[in-house]
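Let me begin by handing over the structure; questions about it come next.
When the chains are written out, they are named A, B, C and D in that same order, and each has its own residue count from 1.
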């Protein structure tokens, strides 16, 4: 049967442009190239994907099924040719979406997934930690693609202020670290660049873990656990310190990154002494950060 | 005891400004003025509140507890003098935060809450429906306050495209509405204005409900249920149509709203024929919308 | 119009009894009697409600709208006559459901809500803390009603094991408490009894808060914060200790509670040193607990 | 360093047995054997895992790190020897936990993961759909292991009652299906058996999809979409019908399953005409179901 009509192409009753039209929450595995050990465990990332294009005022509907068709092509191709990174997949999809939605001026893709990476505890025990990856891209017809790679990392912060207050109240101090409240901290970092600049998600994860009071680990035997606690209390951090630590390490690690690269860092602390969270956040261009760091 | 030191005022090790520092997920009841029946049921809104200020590069930490102290004052004052609206509370808090954080240039408050409002089914049965309210404000020192009021409304959409496809496949049509897929749709609208302009959340909810294929109801006896289904199928809507319908009604309902008012409308459809959602969104100023509507 | 047919009463094609049929996620405010200060802030609880009845094998469908009709009656009645407790509402609803679903043998209601309660910090500052209330009831035709009241309470635990490990590693000890990891802990307690026994949710919340390393507070000035940290480290607790502490306090506080009362206590710790949680749980009758406590 | 003490083995202050002590929310990839096409895409399942053992009254703490150590062994072994199914992994872990927790009488493991499976639309288009797998096991010392396999499947239901009501109101009927409300339905089925009985998750998914008004698909071109809508309206189903349909298909598909196998089926419908959900559920042994089916 040849279904001839196409409601979506009909004239819209009401002449408003739409900024974004598309699908959210599509689940798909995408196969990525991985280096090193445990390759098998982490090749096919279980992704959650949002896809959108803009829609001109004079068109009634967007062709939603084309978004999923483009995604399906990319997934099947990744079987024979694993992708280099999720932000590359997102950028590639954005360009294909411009072809398939001939009326669109802007296209966008947003991908998140769990991700596992080998790590080592303070006492040298090998573990395998979980992170969340964030990959995005946006294409503007005639202007090229911007892509984003990022990670959400769980770590630990011990509070410097409570530590000082306890020192004063108890008149303690000296050789051993003083007690404080400590808690789970979730730090998210994203870096947005042009298509030709490369940022490794693994590097971003390392920068974030170095900025906590201590990284955390799934498997800690007793001495490991003791060392994590000692390290964290020798290295107390506010949420503000975590964000600034990541910013500093980004400036130091990427001296050649374009000034127009956009950086977002957010640290949220699930305060052990409160029922609510504390957070700090910075959005800036690389140019601004370089200037402030001088 | 007079605890003299104050770690937060210490010099930051790393000279980066922070865009936002504060607390998230604070829960508090706030008492609002309500008109009409069932006043008792809905006076104290159970709110979820985020509060932030910016932080200059040279200061180590923000004073988090001042955020909660300002909130606590506002809550206690609402007992004797119920507030006019949550966006007014947010704006008021932003101004107080500028006083209590003397180093801050920008302050912000974000409030969400469930909210109940009387409604009437197609057959005239009175019901009491649940909505989510969204209220925000931002203050910039020396520049005044912008405030946002909005609502998240659940309704129903029936798909125009599937209805036409079925008509062609079955060669049906004529007097009775043709089958289609229909589903729960969540439409969110927010309007951001200066401090002196007033938008009623109840009006926004009404505009959104008029833009669905049909509003939905908690309690439907059989005839009511039949009429909701018939109305929805006589009035099929894409997510795009829902957004444009709300935009059109906003332009018509607020002819005197400033051109710099910012409007956001988003419709997300939990597609019955897919495991993922469809969505459409527009962000625009009132000036842009007025121009497009001509 | 008189819609005569009723599909639900039709004969089921397939002869299986159903254990539970009903609605989930209905939102309604219910007005409860409150004692003491800040009454205004917390009278109308914003409830999430699930309702179900069983269904005999020979009947095709349950009458879902009757569940919401019974709930609506209860809500409206609470305006003129505030209810004594949510578990009383649930029990009342279960009995009405048996009348309205004449074919049902079992009826059940499950209510949760946020709830605010005055509290006092270690230094005497008044605060207002948030808790989650849990209320349930089940009725069996000809056998009466069982009702459940409970609370989900957020507090803080400091780990005894890490504290001892650090003591050994650093050869510290003596006057001041030794560092450990500490974190947010969520402890849930429920007590199920016959209709004539009364348990106050406020009492359960107090028992749980006394069983943490320390309660937590929304608003802590510096000395308060220091005292919370010191108290927690003088009082280290495993998740196991929290559960056993609550069980012990229940046995001590309710010497006259029936042996067939059912107790559930669960403590879940959002470990600061891990990305995953630790938990401990006990389900027992009051009779079993009394015997073990001897 | 030889850390000699072990707080966990200390005598508990309060003599209560604990039903369950362990960890929740551990994330790990586990490699499973897969048959057929697209093998690469779905080998390493991204699992969320809870692990627990009971704890006798006289022991202060459980050895939490042993739970994660057992899991880590199983994950690493799956690289060289992919596991047959997640419920087999869970059963294997339960037996190892009895060895590592020599004081435990009961051990339990609960695993969930997203899972992708090829499917075909009404018009023959190949798609790849997402499901949630549920795997559990419990071991009792000296009594053996019970294991559970199940799936959470998203489909579509069209309401038979609204369809009949509309027929009466509009006096329609005849050749073409009449309109109704339809919506996303989430149906969960689990089967618990002894260690020697085998149930395929793929079979359970097929049984559930056959019990909806229609399965749903990620990628539908226009004719496919029309056929899904037509099929759903020719096949209207209450949540009760979905549960009974799955029960009937289980009885027919597993004539040799032990009478003591435990079956749970739950269908939850995200009603398009309401803001709340409808649900139906049955828990029964295979013996009870066989008897009722006669």
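By our rule, a residue touches a chain if its C-beta (ideal position, glycine included) is under 8 Å from a C-beta of that chain, and two chains touch if they have at least 3 such contacts.
Only a predicted model underlies this, so the values are computations on that prediction, with no experimental measurement involved.
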Centroid-based (C-alpha) most distant chain relative to subunit A: C
Comparison of B-D and A-D (more C-beta pairs in contact): B-D
Inter-centroid spacing, subunit D versus subunit A (mean Cα positions, whole Å): 30
Distance from subunit D to subunit B - Cα centre to Cα centre, in angstrom: 36
Where subunit C touches two or more other chains at once, by residue number: 1, 3, 26-27, 68, 130, 161, 165, 168-169, 218, 220, 222-223, 226, 274-276
Residues of subunit B touching subunit A in the complex: 1, 3-5, 7-8, 12-27, 52, 55, 57, 60-62, 64, 68, 160-161, 164-165, 168-169, 238-241, 243-245, 247-248, 268, 274-284, 289, 292-293
Subunit A contact footprint on subunit D (complex, rising order): 1, 3, 6, 26-29, 31, 38, 40-44, 46, 65, 68-69, 72, 75, 79, 114, 116, 127-128, 130, 218-223, 226
List of subunit D residues in touch with subunit B within their complex: 129-130, 154, 156, 161-162, 165-166, 168-170, 172, 175-184, 214, 216-218, 220, 222-223, 225-230, 232-233, 270-276
